[in-house]
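These are the structures, in structure tokens.
Look for subunit A in each of the two complexes below; its partner is subunit B in the first and subunit C in the second.
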Partner chain A sequence: MAAVFQYGVARALSDPNLKLAIDRTTVTAERKRAAALADYPQFAAARERGTAIKDHVVANLDHYLEEFERNATASGAKVHWAADADEACRIVLGICREAGARRVTRVKSMLGEEIGLPHALEEAGIERVETDLAEHIVQLAGETPSHIVWPALHKTREQVSALFKAAHRVPHEADTVEAMVESARRELRDRFLSAEVGISGANFLIADSGAVCVVTNEGNAELTTTPPRVHVVTAGIEKLVPSIAHAFAMLRLLVRSATGADLTQYTTFHCGPKRPGDRDGPEEFHIVLVDNGRSRMLRDGLREMLRCIRCGACMNHCVVYRQIGGHAYGGTYPGPMGAVLTPALEGVDKARDLPHACTLNGRCQEVCPVSIPLPTLLRGWRDRSWKEGLVPRGVRSGLGLWRFAAERPWLYRLGTAAAVRAMRLFRRGGWIARMPFAGAWTRYRDLPAPAGRTFMEQLRDWERGR
Partner chain B sequence: MSAREAVLGAVRAALGRPSPDPAAVAAEAGALLADPDAIRPSLPLPDPVAAFAARVVSPKVGATLDRIGDLQELPEAVRRYLAGHELPRELTLQPDPALRRLDWTGFELREAARPDEAVALGRARWGIAETGSLVFHSGPETAVLNHFLALHHLVALRAADVLPHLEDYAAVAGPAPRNLNLITGASGTTDIEGSYVRGAHGPAFLHVVLVGAPLP
Partner chain C sequence: MTANPRGTEQCPRVGLFVTCLADAIRPRLGFAALHLLEAAGCAVEVPRAQTCCGQPAYNSGDSRGGAALARRVIAAFEGYDYVVVPSGSCAGMIRMHYPEALAGDPAWLPRAEALAGRTHELLSFLVDVRGWRPEGVSLAASATYHDSCAGLRELGILAQPRALLREVEGLELRPLTGNDVCCGFGGTFCVKYPSISNAIVKEKAVLIEATGTELLLGGDLGCLMNMAGALHRRGSKVRAFHTAEVLAGMGGGPAIGEEG
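Presenting the complex of A and B:
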């Protein structure tokens, strides 16, 4: 993973299109979120309440899981439980086989990505049609999502145009975004209506009714879940809320933080299968409740992370994410929340680098609508990887050396005084573009040249002169 | 051990406490809904109908709005809309008795939307002033797909059914329908370079006809 991460970062930084593509979306998202919050003076109180609602649910998670199961079953849904990703995929594939599915449509769901459902469907020989526009792009490109709200944010319009022209039956002619969206609409319309199974995730599970809330702006969710004979929901166990009123309180936070709108265009609550007299809807409705590491997070001091409502604000505002994009993180979830989640889901030994790819500037925690202390949780992973001896020898001995000097002020002063003078030899107009041992840094950015003397030296002079 | 027991067992072990008292949990959940005004945006206008009307045509929702005094005038309002968009007089009509009983002479009506439907007309059960949302419950009188397949979605709503806030819907809704659809604008996407385009998969146009509102 360490090598994978470094390779991913190097590739990301050398891709001239990527930074441009990331900026086009994240800058807009940041601006729109700020405007939405300016119109919502109650945000601070709402955020506190939302945090309390999620904490309450997590503290009573067993209670809410059982209440949800009871009510969902009463509505005619079939509730399944999966301890891990493999078990979840096996259950979904079993349902698809039972339904004789050759084609399934799918609404974007990060949990689906997390458990590897796209891959599992492919292996089982079931045609998978991604219906979210961004997921459709990612599928055509043979890639994985690079953002949890805008999975194709790393693609420029030129790249999307080329993909659609190669794959669509009646592709667009004009190279405008409007024409491309229309091309996808044409391409996917008959697929929606011919699938045997529709698969979605869940934004919220409503305990007191057994309903499942799914939000989109495109309307692809309802077109995915209504026509097929079977609708399957895969949901993480942390998605619960006590009632629909609590879901509304959370939606106000989620949508503003994600896209800067006040509410998604389509906000739908699914409760059970088709009822007598219904004009449409699935005859079977399955809900797969997936743990996959969540109970472990609860046990291991990551309880606060279970508040996460997957809004993506932390990555939109992250200086590291905006440089390297989502793929470099190597896991399902990118950005600050991914750097906390991936070690929990895949093991700290496999994702040791992620918690270190962070400047700890605290922006993520500031914008998080459920006040998750992301920097603190990241520091926790750093501690653990140090204690578990996962930090490489070079870094350990470097830090050991630094500590030896830091505990001996005379030595530290001597060392820093020598260093600032040596560094000035490499300066060009206030900046250092190249220096021995610093190639990894200076390859992508310049280092400001230090002042001629250390802070301590300057302070001493200033005190003398006083 | 079943997966259910494994998951619930792991959650309980992690929480490290005996099963919670349901009454205490319910009381705590209820307390989290106290003082809703502290956590929701206040309406920009004191009258919910006026706030709703302003909201649906704002860029936040981006719908168009027509107002009629009585439901009998709906076919005429629809005729106006179709003429304005140079569309033929044919549409999918939600199987709602209140809509069915109107005089649709001169229209070609369908019960279920076709895959490439141009126009669908429905009636929302409620409107929400806070967000400009239209609320539908699926059932014998409401097909879900009718809201999603057409390019132009036309929705009639009685002014008396406009509620101020989302929580007000929760209070009057009754038992959960199979599908509760809150529709807040036309279908849109920002998936290509963050630029906003309408008509991604669902309707590209949303037109609201407010019924019984005092005409401006």
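Presenting the complex of A and C:
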């Protein structure tokens, strides 16, 4: 294990609050998703269709990007193109400066996190107000999201209450969820109305109308994107769908997979700035289309990953995520999808552990609403890291030795026969509690001692006795 | 091996792939498999050229090593009507991943595909291919069942072991919460990331104990060793067997980790 990952894992595993928080949310999410699917017999068909829609868009990305740009521009939006994270941040900051913004409101957007927008805004001296309740918690705590749907999943209710009491101007008194939400609302409301720029992400970009779809459960997206004079959308280029009907097809999958609801509380389509006669809306509407490694993923055998609709089901159902939480992954995106994406975004040399720290149990693929073969993609990264010499020397030489023998059955027979005899020297009864070279196993579990002779050795007698 | 004639439908020739773990740690499982296949009317042979299916290499990113071992297994087994493996993950490796591992090798790919189509995990082979059910096997015990991931998700094995165990007289099968959730073994994962693996298997052990059963059954020795090892470290009294052992009437013998 690389030191950073090891540290993150050790920290996570020794934090009982983290485990409590993870279990509270993921267990509920798992149960609700299962109930929603039981209620939705068309799920399998919808999943096939959703997968096909995304594949079609990814295969015709240029076409849909042009169509989207054309229609968005016609509706009065200004479309910007950003090749990477830096360029995306520069564009957003440029818009903010132009608008004379001192304060911006932001709706939760994982793309924003990916390109480092929160940090860039702060560096530029622009006050950033996170309007999503969970993002507000994360901001107060000076942290980053640990889940793509519930950014503050790593915090227990009790920890959030303490945080609010310490940070809010008029903190809540009663320790109820309602009182805490009320406290956050008091804290945030006036800032909603005084921001010059509102920044959101996008769940879908609708090619044939140039509209942007954003879903939330708190209504904060509407308050972020309507009152400020300028609305900026930052979106990955894979968010495209051909039409609004396709967006709805994807929404059916997204919401059920994420929260188990049929639909989010708020599903908003933004199309261009305020028009003459409109009661409200921004005067300027900017859309920043971000590549940031996505076209490279297309070429690098990660095409299927571009289907991802960021529902979070894979991490909710991941045994590793459920033990170590999101922060240990060290990237913007955690869990199985993060273990595929982070090496693509940051380089496999920096994230070598992520694709390896997985049991390849396949549950993520089973629950993914767009059937992304996550284990196969993770195995692909393992291949890459082997080829690039990133696999630790100990593992490499151990496997090399084993393989040398495994390719020579006679040697393998001798080797196993010797090994089982050596192992038996360490047994107590039928178990081995400690043994050289087996510390990784025996530190936590007992190891069943091998029988005295291997199957292949015993087989000879068995056959003779017939 | 290719020179040998094929068997008949009544008596197919089966090459038993014992698996490296059963060979080294639990030979009883190999004999249980032999016994069951013969009971199900097969002519069983154990090719001596077998070692390991190659998962440790393939899943560690050493695709060349994985492919090299795949070629050996194919060469050793392609003369048989069927290859049967008492492990979902090794059977899954041959069925699902050999064709992947040899996709770039036009000489071997057809052979890999042909073998993949004839390879089965033991319990599902007994039920789906042989239509076999145990007769006169009894074991007075309560048991719970863990579905190992590769067998469950790569091969769709869920009903078969239960259908077989239902025929064991005196055996009471109780459901396990999270029966389809990974136990944290993951092959080399459990020694590469032992602390995570431990956290996962600890949760599993608690759920197994909560069933209050005497036995834990499963179809993959690796996962069973992981769970049994964690249970034993906790001081639990739950005993673990591979399902094949129970079906072969060996459930009265030593469980995993007991001296026999």
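One rule holds in what follows: the second predicted complex is superposed on the first by the 405 of 466 C-alpha atoms of A that agree within 3 Å, B and C clash if a C-alpha of one lies under 4 Å from a C-alpha of the other, contacts with A are read in each partner's own complex, and residues count from 1 in each chain.
The rule is simple: a residue touches a chain if its C-beta (ideal position, glycine included) is under 8 Å from a C-beta of that chain, and two chains touch if they have at least 3 such contacts.
Computed from a predicted structure; not experimentally measured.
Applying the stated contact rule after C-alpha superposition, one finds that A:258 touches neither subunit B nor subunit C.
Within the superposed three-chain model, A:313 lies out of touch with both subunit B and subunit C [touch as defined at top].
Shared-chain residue A:209: touches subunit B; no touch with subunit C.
Of the two partner chains, subunit B is the only one that A:52 touches; subunit C does not reach it.
Contact with neither subunit B nor subunit C is seen for A:235 once the two complexes are overlaid on the shared chain. Shared-chain residue A:250: touches no atom of subunit B or subunit C. Residues 1, 9-10, 13, 319-320, 323-324, 356-363, 365-366, 379, 381-387, 391, 395, 399, 402-403, 405-407, 409, 412, 416, 419-420, 429-431, 440-441, 443-451, 453-456, 458-459, 462 of subunit A are the ones touching subunit C in the complex. Note for the complex: subunit B touches subunit A at residues 2-4, 6-8, 10-15, 19-20, 22, 25, 28-29, 32-33, 38-42, 60, 95, 112, 115-116, 130-131, 133, 138-140, 142-145, 147-149, 166-167, 170, 173, 175-195, 197, 199-203. On the side of subunit A, the complex with subunit B involves touching residues 21, 24-25, 27-29, 39-40, 42, 45-46, 49, 52-53, 56, 59-63, 65-66, 75, 80-83, 87, 131-134, 137, 150-153, 155-157, 160, 177-178, 180-182, 184-185, 188-190, 192-193, 206, 209-211, 217-220, 222-223, 226-227, 237, 242-246, 248-249, 251-252, 259, 261-275, 277-281, 289, 291, 295-296, 298-299. Interface residues of subunit C, counted against subunit A in their complex, comprise 18, 20, 22-28, 30-31, 34, 46, 48-52, 54, 56-63, 65, 68-69, 72, 149-150, 153-154, 180-182, 184-201, 225-226, 228-230, 232-233, 254, 256-260.
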